[in-house]
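Chains here go by letter, A, B, C, D, E, F and G, matching the order in which they are written, and residues are numbered from 1 within each.
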Amino acid sequence: MADTRRVVLDVLKPHDPPLLRFTDGIAEAESVTGATGTLVELDEDVQNVSVTVEGENLDFQAVEAAIEDLGGTVHSVDQVASGDHVVERRRTPQDR
Amino acid sequence: MADTRRVVLDVLKPHDPPLLRFTDGIAEAESVTGATGTLVELDEDVQNVSVTVEGENLDFQAVEAAIEDLGGTVHSVDQVASGDHVVERRRTPQDR
Amino acid sequence: MADTRRVVLDVLKPHDPPLLRFTDGIAEAESVTGATGTLVELDEDVQNVSVTVEGENLDFQAVEAAIEDLGGTVHSVDQVASGDHVVERRRTPQDR
Amino acid sequence: MADTRRVVLDVLKPHDPPLLRFTDGIAEAESVTGATGTLVELDEDVQNVSVTVEGENLDFQAVEAAIEDLGGTVHSVDQVASGDHVVERRRTPQDR
Amino acid sequence: MADTRRVVLDVLKPHDPPLLRFTDGIAEAESVTGATGTLVELDEDVQNVSVTVEGENLDFQAVEAAIEDLGGTVHSVDQVASGDHVVERRRTPQDR
Amino acid sequence: MADTRRVVLDVLKPHDPPLLRFTDGIAEAESVTGATGTLVELDEDVQNVSVTVEGENLDFQAVEAAIEDLGGTVHSVDQVASGDHVVERRRTPQDR
Amino acid sequence: MADTRRVVLDVLKPHDPPLLRFTDGIAEAESVTGATGTLVELDEDVQNVSVTVEGENLDFQAVEAAIEDLGGTVHSVDQVASGDHVVERRRTPQDR
């Protein structure tokens, strides 16, 4: 299969562990070279976090396992970039 | 014919295979150097995904076959860049 | 005359040939180094496509002939860049 | 006098000659290194075109003569950049 | 654990020490290479400040301790970038 | 005193001399390396022009004298950049 | 303490000295390498000016003294960047 180079995830997590430990834990997962977690929304019990993960050849199962080990769940995979290089998404008039 | 270097596709796909495997599969197609799949909309049965594909000389039939083998259909081809280099689309006042 | 280096065209085309073959055909025209076709609007019979064409010294008649051979018509020429280099359009407060 | 390096013109022209020949003609004028003509508005008789012209030391009279030889008229000069280098306009809160 | 490289914090602080001394104090904390404090809102007693902190391997406890020593409290951690390099957050249509 | 490197001026001028000669005249003033004049508004008698002037060490009195010699008046000085280098203005949430 | 590298100030000043002399005077202050003053609002008696000041190791007291010597007052300090390098503020969804 082609190399997965970037994924953007919509993640739900409890308040604990906090975002810093949570993001560090994802960045620590096998095949990940960097991860950024961004708080999007929160209520009393749960945080909605947007996570962007990069690597040369991402092992998504390792990423997902790391997220679940940290108490989170991947609610949806919103973007995936695969191949020899990262292709940026192009918008067109049909997007609106 | 001139080389096709980038295409932006509006694709419908079932929930399975998920976006990651779907995008990897497109990136794996003959002539493709990179692909990015972006979730645009989803309902119970189907996902609407915007796919940007790049290559030096894209074989669109191979791309379309890969999408169909993965259970998807190309709903429309929204942008195509062809030639010796990629030309970026220019907007003018006539666009609005 | 000065060299024509970029033109932005508002083109009407039938659904067939599809955008990919249509854009490749324009990129193949004499004097063209690259072309990008973008789907703007479509109804049952016709597609409205914005086409940006670049070359060192574009032969517009060859471009227009290619479009017509492919069943399309140039509805309007919306921007032209000519000379020794491409000048980007500058907007001013008078534009609004 | 200082060198004029860029002018942005609001031009009215008849439909004929078309924008391509019109822009090429301006780019051909003495002292011009590049010109871009952009269709802004059109009615039955006339086209309103925004023209950006660049050169090391523009001879505006040659530019205006070229426009008039092509049947156009300079409706207004909307921006001028002069001197040893092109200064980009800076916007401030006083602009609104 | 992976290296924490950037954190964006929502901080509440009293009016004293003022923003300059407050930001300098954070930048002085162990492991921090740079910090920027931006006043977002203020009322009679408290200032709401957005703080962006960067380092090769941030010691968040040292950052938080510095903030608390300066009389502030971290109201929330809004973004964290971890790993071998900083990954920029990518937005998708699912964000809206 | 520190070197003045860029000023943005709100200028009123009669229709004559036209913007091109007016901007060239400012660019010609002692200490000016480049000037850009942009038409903002006009009525029957007067034009409101935004002028951005750059130099290594601007002599504002020479700039103002040039503007007045050309029949214009400096209505307000809207931005000034001084020092060893040009500092770009930073916006913050307090600006709105 | 860490080096202060950039501050954004909301300043009130009388009409005299004018913005040019005012900004030059700030840029002349000890430790300042550049300053930009931008007119934000004005009424009959006072001008509200946004001032961005940069230096390798800013002496804020010298900056404030310069502003006060020129008749102005620092109404608020809206942004401060400190450390070995300037960190740009990052916005997150929590900002809105």
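Annotations for the structure displayed:
We adopt the following convention: a residue touches a chain if its C-beta (ideal position, glycine included) is under 8 Å from a C-beta of that chain, and two chains touch if they have at least 3 such contacts.
Since we're looking at a predicted model, the values are computed, not measured.
To find the repeat of A-B among A-G, E-G or C-F, check which pair has over half of the same contact pairs by residue number; it is E-G. Centres computed as Cα averages put subunit B at a distance of 22 Å from subunit C. Here the spacing of subunit A and subunit C, counted between their Cα centres, is 39 Å. Annotation for subunit F: residues touching 2 or more other chains are 38-40, 50, 76, 78-79, 92-95. Taken pair by pair, the chains that touch are A-B, A-C, A-E, A-G, B-C, B-D, B-E, C-D, C-F, D-F, D-G, E-F, E-G, F-G. Subunit D meets subunit F in the complex at residues 1-4, 7, 60, 76-90, 92-95. On the side of subunit F, the complex with subunit E involves touching residues 92-94. Contact residues on subunit C toward subunit B in their complex (touch as defined above): 6, 8, 10, 18-28, 32-40, 42, 50, 52-54, 76, 78-79, 95.
Listed in rising order, the residues of subunit D touching subunit B in the complex are 38-41, 50.
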